[in-house]
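In what follows, subunit A forms one complex with subunit B and a second complex with subunit C.
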Partner chain A sequence: MDRNEVLEKLTPIFREQLDNEEIELNAETTAEDIEEWDSLSHIQLIVAIEKAFGIRFTSSEIQSWDNVGEMIDSIISK
Partner chain B sequence: MLLLIGSYIFYSSWSWNFLSLLILSTLATFFIGNKIRQSEGRAKVYWMRGGVFLVLIQLLYFKYFNFFIENFNDVLKLFGRQDHLGLLKIIFPIGISFYSFRMIGYLLDIRNNKLKEIPALLDYSVFVAFFPCIIAGPIDKAGPFLKNLKSKREFSSLSFSDGLRQILWGLFKKMVVADNIAAITSPIFESYHTLNGSTLFIGAVLYFIQLYCDFSGYTDMAIGISKLLGIKIQPNFNYPLFAQNVADYWRRWHISLTSWLTEYVFTPLSIRFRDYDKYGLIMAIIINFLVVGFWHGAEWHYIVHGLVSGIMFIPVIRKGKMNKKIKSQSNLIPTKDELKNIPVTFIMFALLMVLFFSSDMKMALAYYREIFSLSFFRVPNFKFQKLIALLIVFTLVIEWIHRDKEYALKDLFIRNNRVMRWGFYYLLIFLICLFYIAPKGFIYAQF
Partner chain C sequence: MYKTFSELKKVLRKDTHPNKAIKVALLGDTATQFLNIALKGTAKTEGFELNIFEADFGQISRQIMDPSSEYYEFDADYTIIFESTHKLLNQYYKSSDFSKNFADTKISYVEELYQAIQSRTKSRIIYCNFPIIDSKIFGNFSTKVESSFNFQLNKINYLLSQEIAVQKDNFFIADLLSIQNKWGRDFMFTPSIYINTEMVISIDALPIVAHHIFSIIASLEGKFKKCLILDLDNTTWGGIIGDDGLEKIQIGNLGIGKAFTEFQYWVKALQKRGIILAVCSKNDEDKAKEPFEKHPDMVLRLEDIAVFVANWENKADNIRKIQRILNIGFDSMVFLDDNPFERNLVRENLPEVCVPELPEDPAEYLEYLYSLNLFETASFSENDSERTRQYQVEARRTVDLESFTNVEDFLKSMNMVSDVQPFNSFSKPRVSQLTQRSNQFNLRTVRYTEQEIDNLIQSEKHVTLSFTLEDKYGDNGLICVIVLEEQDQETLFIDTWLMSCRVLKRGMEDFTLNTIVDLAGKYGYKYISGEYLETSKNQMVKDHYKNLGFTCENNRWILNVNDYQPKTVYIKNK
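Up next, the complex of A and B:
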């Protein structure tokens, strides 16, 4: 899977979990850019992503992300 | 260098005997931070744990040692043992809870690769001991603070006057509103057992406003002074008295502590508990708020305050309403939602304050019992000064009008003519002189 494919697959997950159909993601997107993305919804988002991709992140991976691009790197590395 | 010397002199003026502790722990955490950066794999984790443990151990010793001894003695008594451990006379180093959290945040940021560059020792020492923030926060994060410190600072008359304006508003909230409310709440709390429910309820409401004005007044002064020095620090309050629900309140109250805990306690825990769905989130939030309670002090009433705060979050999590952030409004006339939500949230947190200001659980329970008794419907049996009510209304109206601004005075009358603007500043200065009473310490300096 390349970065664009991962991004395409991530977008509907973000939209559904954060209940906002207008979300547009790119590698630089951060929680600051999406109002509904807060510390509580973050966890629901991670669980949904892990389920959709059939992977399991480590705690330190999750905590090291600064933007969606770094999240994509972790998904590709699995 | 000047900032560091100034900060150390400032700290010595409050607590000279603990300056060496501050310097030693700064050196130790700086050294450990370097070790975390240089090591790989398990060694990285061990250095991080060692560093956090070292900071926590000094915090536990100075702030919590006697609490554990007292509770250990209580347990011994329960088992019928007469012997007990003696308490130690420990003097509490001022600001330790604040600078310890800065240090722990620094170490964890290096471990999580959030801090891309290791700072120079001098810059790190300023970050830990920065004088406007060392007594009662805000608890800044290392990354943004150090970036700010390193960038070239040039004098700007706009940001200088902005800083002065924020200091003026902070002084007004602290010296006029908070200190004068304290002159009412202190006697109420001293003789609470003789007062009826309605008086005690008003006492709790007043204390909520007092604490906000005291702490946010301090913070406005700290941020204002930092602006004079060209350093931008983190905000700590966003008009919490106008919060519309529990989650909204915690996004607005003591922001630097709540965001610190969200990042370093709640998030790691909720990641760990993520397989348990909402129950995992509830567990994480309860532990998070227990830490908030314990951070305030080694007293059961603070811990119960934290526990209840966590429990108050459960309906928010269960309803799944947590990801609906409320947009900040600037309308003068409150909307229907604001009229409905703000008073309920305000009263809820004013009642929660009882656990905060009570000297122990016995007082808190007696206080609640009286509020929730029929005496709540009686006329208050305490003489309140009406002038204070006017001051509170004046302050709240100014805050309401400009609640979408960084602080209430920021743009007030900026577009109007100079006479009006300066007239208002002089009015505030006049009120500060008029209502000045013997200076009281800041409530949060004790934590």
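Up next, the complex of A and C:
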């Protein structure tokens, strides 16, 4: 799966979990760009992404990403 | 059947207006923000609004032991105490020597919390018990080492029930351990999330935990399931009685028959606990009844079924018919049917009826039904198992009434006798239970725990009355509860007037009022005042006081004791 495919799969997960249909993601998107993305909803995102991709993040990965791009790197590395 | 956490969160954004607001304090020693959301969402789907006070985590003792804390200021109806096994294990590790007294010490601490809360508030306490963390320090041998954490943890869970829940009113256990037993530790707990957020319940388990905790609250608020309606073919037994015949239906010890037999034992146990059973089947009635009468392997018998409806009409109409006979809310009914078409038809026509999505394979019925925890209850009394018989009698009465042209003749023919008593220790459980169960014929819907009933018995400001009703068909048991409170020297206020709907239209209201007025006169009161507090369910008594001849003054209904003409009744004092 390449980075664009991962991004495409991530977008509906973000929209669903954060309950905002307008969310557009790119590699540079950070939590500051999306109002609903706070430390609590971040956990919801993690769990939903783990399920959708059939992976498990390590506990240090969970807090390590600065933007969506780095999140995609983690997913691809699995 | 469970909503996901995201769905619960979305429910909260919907702009609906639940009919009842409840104040809940949530005190945890780990992060509880998600549990807070899940609880609110769960409550809202059930028509309640929770107003939650969430203390910063790790503040349980401070909030409860300090009389001036925010917790006491909030004045909760319910206090949820959620202590985690992780913190408990940590305490155990830190205690200087591995101690045989660890469990006892913990239990004393929980008792202290309980006493502190009880001495200052009327809040009910919901304490979460401890899912097991098996650290395998001793392996299986921990069962032989009293000082091991495993041993002490099991002991704590046992003592929470034995020493506190069983002994004390207002203390309820949310059985998180049972959730872990059912769903598994790896489902219930996510280590990476715990490390990052200090949350000990996984996102997937939260809706289940919230459901269990909220079920306790809902049932104490009078909302719980009272009736189980069963389809027959391929639900209660395997095969189709009309096609296969008595010998060929599957039930008993062989093959898939075993699944249905075990299912029936479960249903029978519910019936003994007080759940009313009804049958709703598309069959000829005589064929449908045949297995109940003649099949040697049937666990359920006709006498277990309060209302038996078998015909070829649509099931929604038949469930409406059952509802009319039993006179209970649709939201207190569960309908089990193997046929997805029937399930959807009932869901569409009667959205309040709970219709579980039974698995295709009957072998899986039970484990699925266990997972839903449908039949939470807030009380249990000995005469619960009598309920089916009473409803059967009621059905017979309904038929007899139709044969009389004159209602008075019918009432006279019933030879009704009522035993009127102040509350006492014998009637206490039943009285408390009625205050919690009765929703329809209930003027003010005040709920009383057994301990609160005790307080009323002792109170000098209150007069209490309980009424039984016996007639030629049988004994209905205790069916009416009255709590009178002295408002001033001249006036007695009716704090509680509730009646079981089973005894409607028999003049019981008139008999009760005669008794109240008589009593008020004896004690020298001049007025009786009553009040109707509307809920979504007690419309039937909206004009209760008006119909009885009270006059309205400033939102209270007043009756002059001296002007009262006793009403004609056909009920005698026992």
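Here is the rule we use: the second predicted complex is superposed on the first by the 78 of 78 C-alpha atoms of A that agree within 3 Å, B and C clash if a C-alpha of one lies under 4 Å from a C-alpha of the other, contacts with A are read in each partner's own complex, and residues count from 1 in each chain.
The rule we apply is simple: contacts are C-beta pairs under 8 Å (C-beta built on N, C-alpha and C of every residue); 3 or more make two chains touch, one makes a residue touch a chain.
Please read all numbers here as calculations on a predicted model, not as lab measurements.
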Please work out whether A:36 is in contact with subunit B alone, subunit C alone, both, or neither, and reply first, second, both or neither.
-> first
Once the shared chain is lined up, is A:77 touching subunit B (first), subunit C (second), both, or neither of them?
-> neither
Tell me which partner A:64 touches in the superposition: subunit B (first), subunit C (second), both or neither.
-> first
Check the residue A:16 against both partner chains and state whether it touches subunit B (first), subunit C (second), both, or neither.
-> second
Where does A:47 make contact in the superposed view: on subunit B (first), on subunit C (second), on both, or on neither?
-> both
What residues on subunit A does subunit C touch that subunit B touches too?
-> 19, 39-40, 43, 46-47, 59, 62-63
What part of subunit A is in contact with subunit C in the complex they form?
-> 16-17, 19, 39-40, 43-44, 46-48, 56-59, 62-63
Mind pulling up the subunit B residues that touch subunit A in the complex?
-> 111-114, 247, 262, 266-268, 270-272, 274-275, 277, 280-281, 317, 322-325, 327
Can you list the residues on subunit A that touch subunit B in the complex?
-> 18-19, 35-43, 46-47, 59-60, 62-64, 66
Over in the complex, which subunit C residues touch subunit A? Could you list them?
-> 5-6, 9-10, 13, 33-34, 190-193, 195-197, 199, 202-204
